[in-house]
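Report on one structure; see the data block that follows.
Residue numbering begins at 1 within each chain, and the chains themselves are lettered A, B, C and D in the order written.
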Amino acid sequence: MDVGFIGLGNMGLPMARNILKAGHRLRVYNRTKSRAEPLQQEGATLVNSPAEASTGDVVITMLANDQAVEETVFGDEGVLTALKKGAAHISMSTITVALSERLKEVHAEAGQTYISAPVFGRPDAAAAAKLFVVAAGEKKAVERFQPLFDAVGQRTFFLSENAPEANLVKLSGNFLIAAMIECLGETAALMRKYDVDPRRFLEIMTETLFAAPVYRTYGALIADEKYEPAGFKLELGLKDIRSILAAAEAKSVPMPVGSVIRDHFLSAIARGGAHLDWSALAKVSAEDAGLKS
Amino acid sequence: MDVGFIGLGNMGLPMARNILKAGHRLRVYNRTKSRAEPLQQEGATLVNSPAEASTGDVVITMLANDQAVEETVFGDEGVLTALKKGAAHISMSTITVALSERLKEVHAEAGQTYISAPVFGRPDAAAAAKLFVVAAGEKKAVERFQPLFDAVGQRTFFLSENAPEANLVKLSGNFLIAAMIECLGETAALMRKYDVDPRRFLEIMTETLFAAPVYRTYGALIADEKYEPAGFKLELGLKDIRSILAAAEAKSVPMPVGSVIRDHFLSAIARGGAHLDWSALAKVSAEDAGLKS
Amino acid sequence: MDVGFIGLGNMGLPMARNILKAGHRLRVYNRTKSRAEPLQQEGATLVNSPAEASTGDVVITMLANDQAVEETVFGDEGVLTALKKGAAHISMSTITVALSERLKEVHAEAGQTYISAPVFGRPDAAAAAKLFVVAAGEKKAVERFQPLFDAVGQRTFFLSENAPEANLVKLSGNFLIAAMIECLGETAALMRKYDVDPRRFLEIMTETLFAAPVYRTYGALIADEKYEPAGFKLELGLKDIRSILAAAEAKSVPMPVGSVIRDHFLSAIARGGAHLDWSALAKVSAEDAGLKS
Amino acid sequence: MDVGFIGLGNMGLPMARNILKAGHRLRVYNRTKSRAEPLQQEGATLVNSPAEASTGDVVITMLANDQAVEETVFGDEGVLTALKKGAAHISMSTITVALSERLKEVHAEAGQTYISAPVFGRPDAAAAAKLFVVAAGEKKAVERFQPLFDAVGQRTFFLSENAPEANLVKLSGNFLIAAMIECLGETAALMRKYDVDPRRFLEIMTETLFAAPVYRTYGALIADEKYEPAGFKLELGLKDIRSILAAAEAKSVPMPVGSVIRDHFLSAIARGGAHLDWSALAKVSAEDAGLKS
């Protein structure tokens, strides 16, 4: 396939590489050009604008936030003007439901295909092509691009024909992770105040009821208070919680645990933790219990 | 071993039966005698008081709450007066840390052994001898009674020599389950308001990041809104949250997600749901989002 | 003075009338023209655009929300292009701190004066010229327009030279009112469950520690469950809470009571209460306690 | 009247003195005897037990918490055994609704009169005989002891014949004060982060909508961050919030703002603030916003 790829961050770079490895023609664009050079050596074509990346069958965006996607799609030399009728934009970033709804609308008006296909997994899973892809949009289109999803992920879940639903699921998944971090943080603080080793508690939990990878990963980070380097920055965690709360507000759904998490993210940032891994939410619980960290 | 067993509820009855099956001599006591009769036919001896159940090597209590344990241990014809020096009381109920500390103290004064060994698992796991046992107390004593733990559970975690720590771990585990229920409930309400099937969302979550049995069990109950019959009653869930918040308060640890859950349990009960399964916490999120249930 | 007035809603109409009565020349603009007609009979000039309202010494905006102010100021035939150098825009609506910062900037660039002067008080206070005005902006300019503030209010508080601070104070004041409503609602529910008349409780409070007009006003509405007609609509209350939480988030300040209130506003709206007075926040507390309302 | 008075703390001592000044015969008891000596010089009789203080027409208890009242009433040489049939126990302390219900019951069984008459006001108001008394119990009895209430307070509110309701009202009033402190603290932190002087904000609020003494008093303490000496200790504030939450739980009433306050009290205590004035709740908001204090 003739694929454009925009956004070569911690997640985007390994994803683009895996698509290239799978044998597709790849045009890549990144605002900071130097990030793209390794891929050039591996066979990708570097282009100078989102528009130039959008002249093939499909263009994938994997960017940091709504604003970056908006500039890339709606800006001069953006995706929207360059994409051919019938060609597709696959948005794989974690963006808001509201922006996804807007993309759905404008691409439809332009006779283009829009697929929302956000992914679950941290950078190591991206490198290993072990991401989970949640895809929504016209079913035939999703099937047509299955080879691309197979190139980056271990499994694809087709959700529905309504693209923004994939963003709702992605944000809700991130909410569940953040909530798990918050709750592990609250119990870890409690254990410490009782002189019980939080490692032991988490070990028991993850070998019994909560034998899920995500509990093991975050449980260990919290028990060891190892918040650097950040696999996923706390300030990005706040962005995602803000996005899910906005999606919930749009339908008048209160999410009180979401509100607690949002407040703790703000506290963590106010105390200087924006750059830490989002598991550092647990620091707030520790400090609120009077523990030094 | 010569074992006494007090408390033949949904959990206690299958546990006692499994101990009997494992070949131990069993004396059973239950306030409502008829509950004990099936065990008599299987070879157990029915006795008329906690004291009579406490004349052997060890007596196990598996009761509904602190008050029942207090009456059983401290009452006339209670465990405390009857238990021989060197014999053991194994408390397997979910009781407060404060009561466990008191039991530790009084048994020590009386020259008796006290082991705290609460279990994780619902009645079906109890029947299948698949419980997880978290044991704390004098290590040698815990080892000595390992055959009893093996009779009821699939695995025993020895925690520490300080018995009440096992209660802290048990209550914290229940807090994590309640928090998971609350968060699944919040996302399920959100999905419904967006006309996304919560089943599909939960399916994706439990086949990817949250591939833990407890997510599958409760995810299904919530997605299907199947809150009866209760595996674990909502009012007992409130009791456990109250207990963990009390343990946290004793060490000045705020647990804001715990507070949210407590408030939602109260709401669920105020609206007539005390007898439902504690997964009905999700009803509160649904109703707060204006959904009919 | 030669005054333009834009926005003749429940608050704007009586304010404009009081300015007219005080002897100023008044040009009025309202999107729905019929709202302006009574003022025409009383001597005001009706104009056809925000621009036409902005040709004098000063133009006042008193609009429903940020969007209305943005359209009025930045739109074609908007305030910004029409206002003369040295002339002033006085924004009296409850808008966000972020929009106020933007207005400060664009008016400064255009050589125009910008004053932020939001008001406290409900429609009856506006009619009686008994509003409280909180003004911020260049001090000399505020002094120059004091006659206008005197025409609508009983007292003006000059805050600082930094106009957006007045919006911060206004939104924080509304937060305190909403929090008071929430807390009175929680206690009223409690009283009802104990068969104590909430009126009696509120009477005692407002004749002793809380002898403030705002407690009396809202206390009576809540005790009588009289949520219609709305003096200030619940959906506008949510808008203000959202604005204060956004201002707080911009500086990484958690406001957990603000979060509770936001969640309850959402619940009230989800259950069909958007059009009620914002004191209907108390209905959520009542329903969460299982009370019929 | 022949009056016994038990409990000569910061509140009890000036109250007892005012009763003495009003011309009543006074028998006083305090666990720490030296506290009672000044009153002896002013004409009171010192006695050696609660029982000896309870031989007249009426005995008043004004003690720190439930436990002190329980020991005083139910202990050996306690009030209960000594009080004559027809004589009265007036409980003026801030105790739980549950204990008040128990006192109501036991005094009725003993043929004694029980009046619950907690007070609002800090020690300076007690000294100036300016307390507010909220009285509940048999109406004739309350009328009979009106001279005592007049001796200590500026006004008495008769609530109902059901004594524990006065405790519910007292605790709810303290909840409203704590909530006000919390909200003023949240806004003060916000103001500081925007470089707005919280004093100015609070000045505007208390001269307009919130012109109540309690807002002025606590607003000033918070704006000045003056948390010592304590007029009412933070750890006592936690006790009262715990009591109101317990009363609410007994009737299945969630009070989410109460939960937020409870968690913040715990945080304040965890960080070493138990001895500060309860207005130091605002320190938690400041620290959670990253402000040094």
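Keep this in mind: a contact is a pair of C-beta atoms (placed from the backbone, for glycine too) under 8 Å apart; a residue touches a chain by one contact, two chains touch by 3 or more.
Quick caveat: nothing in here was measured; it's all calculated off a predicted structure.
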Interface sides of chain B and chain D: same vs different residues, half threshold: same
Comparison of A-B and A-C (more C-beta pairs in contact): A-B
Between chain A and chain B, centroid-to-centroid distance (C-alpha), Å: 38
Centre distance in Å when chain A and chain C are each reduced to the mean of their C-alpha atoms: 39
For chain D, residues contacting two or more additional chains: 248, 252-256, 260, 263-264, 266-267, 269-270, 288-290
Chain C residues within the chain A interface of the complex: 242, 248-249, 252-256, 259-260, 262-264, 266-267, 269-270
For the chain C and chain B complex, residues of the former touching the latter: 256, 263, 266-267, 269-272, 288-290
Chain A to chain B touching residues, read off their complex: 97, 120, 132, 134, 155, 157, 159-160, 165, 168-169, 172-173, 175-177, 179-180, 182-184, 186-187, 189-191, 193-194, 196, 200-201, 204-205, 207-215, 244, 247-248, 251-258, 260, 264, 285, 288-290
